[in-house]
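Next up, some structures in structure tokens.
The following pair of complexes shares a single chain, chain A, combined with chain B in the former and chain C in the latter.
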Partner chain A sequence: MTDLREVLADAVADGALVATGGGELRRKPMAAVRTLAGLGRRELRLATMLGSADVEALLAAEAVVEVHSAGVALEGLAPRWREARQTGSPRVVEWSEGTFVAALQAAALGIDSQPWPAGLRTDLPAINPWLKEAADPHTGAAVLAVRALVPDVALLHVPTVDEEGNAHVEDDLVADGLLARVARRVVVTYERRTDADPALGAINALWITDLVQAPGGAAPTACAPDYGADSEGLRSL
Partner chain B sequence: MSVADLLTGTLAEELAGSPQLRVFVETTPATGVAARAARLLRQQPLALVGGFTSLTGGPGRPRDWILDVFTLLRRGLLGVAPAPVQLDAAGRTNLSGIGTPGRPKVALIGPRGLPENNDTPCPLWYFLAAHSPRALVERVDIVCGPAPSGLGRRTLLSPAGCFDLVDGRWRARWLAPGGDELVAGAPALGIEVPAGTPVRERPEPATLDALEAVDPDGRRRAEFGE
Partner chain C sequence: MSAGSVADTMVCALAREVHDDDVVGVGLGTPLALCACLVARETHAPRAAVLVGGAVSPAATLLECLGGPAALAGRTPGYVPHLDTMDMAERQAMTLQFLRPAQVDGEGAANTSRVESGGRIVRFPGGLATGDVPNLLPRIVYYHTAHEPRALPAAVGFRTAAGGGIERAGYRTEGPVRLVTDRCVIAFGRGGPRLVSAHDGDAEAVAVATGFALETRDAPPTPPPTAAEREALDRIDPHRLRELELRELRTAAEGRLRELRHGAGGR
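Let's look at the complex of A and B:
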């Protein structure tokens, strides 16, 4: 399937755990997010390590009952994210960047939880049920046992895809590499085709379920090297 | 006297004096200027990253380095200068919100990486543009970064001066001009100012030269309202 609406209608059911890639104002899969919002899905659970326009758009569409993230901001604070946290609706699960990664690592390894050395002596375990303090069985040292987070669908956006279907990026992958490995279905939108060496691909085609061309598909967030963040677009979310 | 020059220059000198660091995370324009100036002042290479993106120098160009971040932190090789919304008397940090954990009265960004970077063997500088009693408190509302246990140096750079966390308490290393009044205006942090604490007005001349070389347009000053 090459039609984004068709792909997402097939991939995302009501109640699905949807993960979005990119980080902050970079490479957010906004074409997919807007299309998903237009499908009228309900009670979605959304997970993104560092959110921005993706979280705000899906909150605006009232499509989400739960958001998992280590932080959400636009060029300033993100109003819908703030309102959700202040009112408790939809439910927000706060992570740190590291515990979010640990939850994906656990999923990648197929284990129920992953020990993580940080986050102890903070308020996170009290407000995030995926985190539990535990003792290392070998040494007795305190760790956080981070429960695996397994997205039903990952939505990622990259600038280019090569002839073998590998995704290429110009900047850092953030958590996209892990998301591609753990999500049950991985939908990658891209700006254009490239003749770059497939060996240099950032996300191997092995992990990608659906490839859909979507020029400008990260706007109003940035997609290096094609375009930067659009301040006006971010303000009008 | 420019507070921006004093604090950005001091951070540059601190980075130059931390040869173990391989990477620095650029959190604000001024911290990026400090790191670029530090490159001119130190012999060792220093890679710069902006959050998780845009490596702008140093060894290689990692595209999938998210796990490397946490390894660098655990090995004491990554420098960061965060600007938490609240910093407390024990060095705990907060970027999540004001009020009750899980249901803040004023929600902000979120914990980000503070739980990972606040208690590590890496040196860390809290880089604040204001020495405000609203930000510098006895105990943060929401504990994102745990109290440092002394594994690595923890330093506060603010318009009041330079302060080190020693044995769980803040102590002045030097004051900026007028810093004693700012310290008195934020008493909850419990800063100790030993008798004879020097006043520092500006960085070393070589540091100022380095700042001008990497930031001729003075981007560092906007952060301080100059």
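Let's look at the complex of A and C:
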């Protein structure tokens, strides 16, 4: 399937846990997010370590019932995220960056939970049921046991894809590599084809379920080297 | 002390916390701390490595750094991916970070999550790595640009990060060691919070404005920027973008940043 709407209609059911890649104002899968919003999906659970336009757009579409993140911002405050934080609707599950990655690492290892050495003696476990303070069975040392977070679908956007279907990036991969390994289905949109060495792909084709070309598909966030973040576009989300 | 002088004093007080052998991680959302790291490298800590959004020790001004890591290509010897910076923190290959919480208490616990205000809960956009790094890095330095009792209470309303150090798997962290505010420098440690210096020399006024008990004995005035620090500030930040985090100067600084990026009339 090469039609994004068709792919997402098949990949994302109501209530699915959808993870979006990129970070802050970089490589957010906005073409997929907009398409998903247009499909009228409801009660989605959204997970992104560092959110921005992706979270704002899905909140605007009233498609989301729960958001997992360590932080969401545009070039300043993200208004719909701010409202969700204040009203508690949709539900926000508050993570730190480290615990969010630990939850993905647990998923990548195929285990129920992963110990994390930080966030101890804090109130974070009281508001995030994926976190429980526990004792390491070998040493007795306090750790946070972080429950695995397994997305049904990961939406990622990259600048280029080679002839073998490997995805290439020219900036920080952020958590996209982990998301590709843990999501049950991985939808990658891309700007253009490249003749780059397939061995240098950042995300191997084996991890990718669906590839769909979507030029401008990260806008208004940046997709290096093709374009930067668009301030005007971020303000008019 | 004018707000502009406060910004300069805070940047220099933060810069003095950077050691010459430090590896410091700093993001674009904290321009005061970013400016401090650049000043430190230009003055007493030239060998400190500063990761600016992952770009290693860029030869760049504050304005150029605020353009993001991609804009620093050609000015940096390399990039460290975001997840690798987290691994560096875990293994203490990174040694220092600056955090700007909404609240800090006398134990050094920090809140970037939520506060109660006027009978309702106000929640913040997200704590990012605040919940992680105080248990990971050898040292953490907090800063706050509005020193008042509700920002520095006896106990934070929510513990996003705990104070104090820990030992884990052979690594030791001191936890939060300093707090630099618009009024003073405070040290955390076994004897409880201690006033290191008051910017205007008025230690008693600082104690009154602080919600937790503070040992103020013999606290001197905060040393003003040295000639070398002032030269570094002028070179690194001639547009005074370090003022982006100070409430009364923020709007003007944002206007300067917009103009620098988009030209006069830019939005």
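Convention: the second predicted complex is superposed on the first by the 237 of 237 C-alpha atoms of A that agree within 3 Å, B and C clash if a C-alpha of one lies under 4 Å from a C-alpha of the other, contacts with A are read in each partner's own complex, and residues count from 1 in each chain.
Everything that follows uses one rule, which is that contacts are C-beta pairs under 8 Å (C-beta built on N, C-alpha and C of every residue); 3 or more make two chains touch, one makes a residue touch a chain.
Predicted model only: the values in this text are computed from it and were never measured.
After superposition onto chain A, the modelled positions of chain B and chain C overlap sterically.
Of the two partner chains placed by the overlay, only chain B lies in contact with A:A202; chain C stays clear of it.
By the touch criterion defined above, A:L44 reaches neither chain B nor chain C. Residue contacts after overlaying the shared chain place A:T99 against chain B and chain C alike. In the superposition on chain A, A:C223 makes contact with neither chain B nor chain C. Of the two partner chains placed by superposition, A:L237 touches none, neither chain B nor chain C. Residue contacts after overlaying the shared chain place A:V187 against neither chain B nor chain C. Once chain A of one complex is fitted onto chain A of the other, the partner contacts of A:G119 extend to both chain B and chain C. Judged by the touch definition given at the top, the superposed model places A:A141 against chain C, while chain B stays out of reach.
In the superposition on chain A, contact is made by A:D172 with both chain B and chain C. Within chain A, the residues touched by chain B in the first complex and by chain C in the second are 23, 50, 69-73, 77-78, 81-82, 85-86, 94, 96-99, 101, 117-124, 127, 171-175, 177-178, 224. Interface of chain A with chain B (complex): residues 23-24, 26, 50, 69-73, 77-78, 81-86, 88, 94-99, 101, 117-124, 126-127, 169, 171-175, 177-178, 202, 224. Those residues of chain A that touch chain C in the complex are listed here as 23, 25, 50, 69-73, 77-78, 81-82, 85-86, 92, 94, 96-99, 101, 117-124, 127, 139, 141, 171-175, 177-178, 222, 224-225, 228, 231-232. Within the complex formed with chain A, the residues of chain C that make contact are 29, 54, 68-70, 79, 81-83, 86, 89-90, 113, 121-136, 158-162, 166, 168-169, 267.
Against chain A, in their complex, chain B makes its touches with residues 49, 51-55, 62-67, 69-70, 74, 95-97, 101-116, 119, 142-147.
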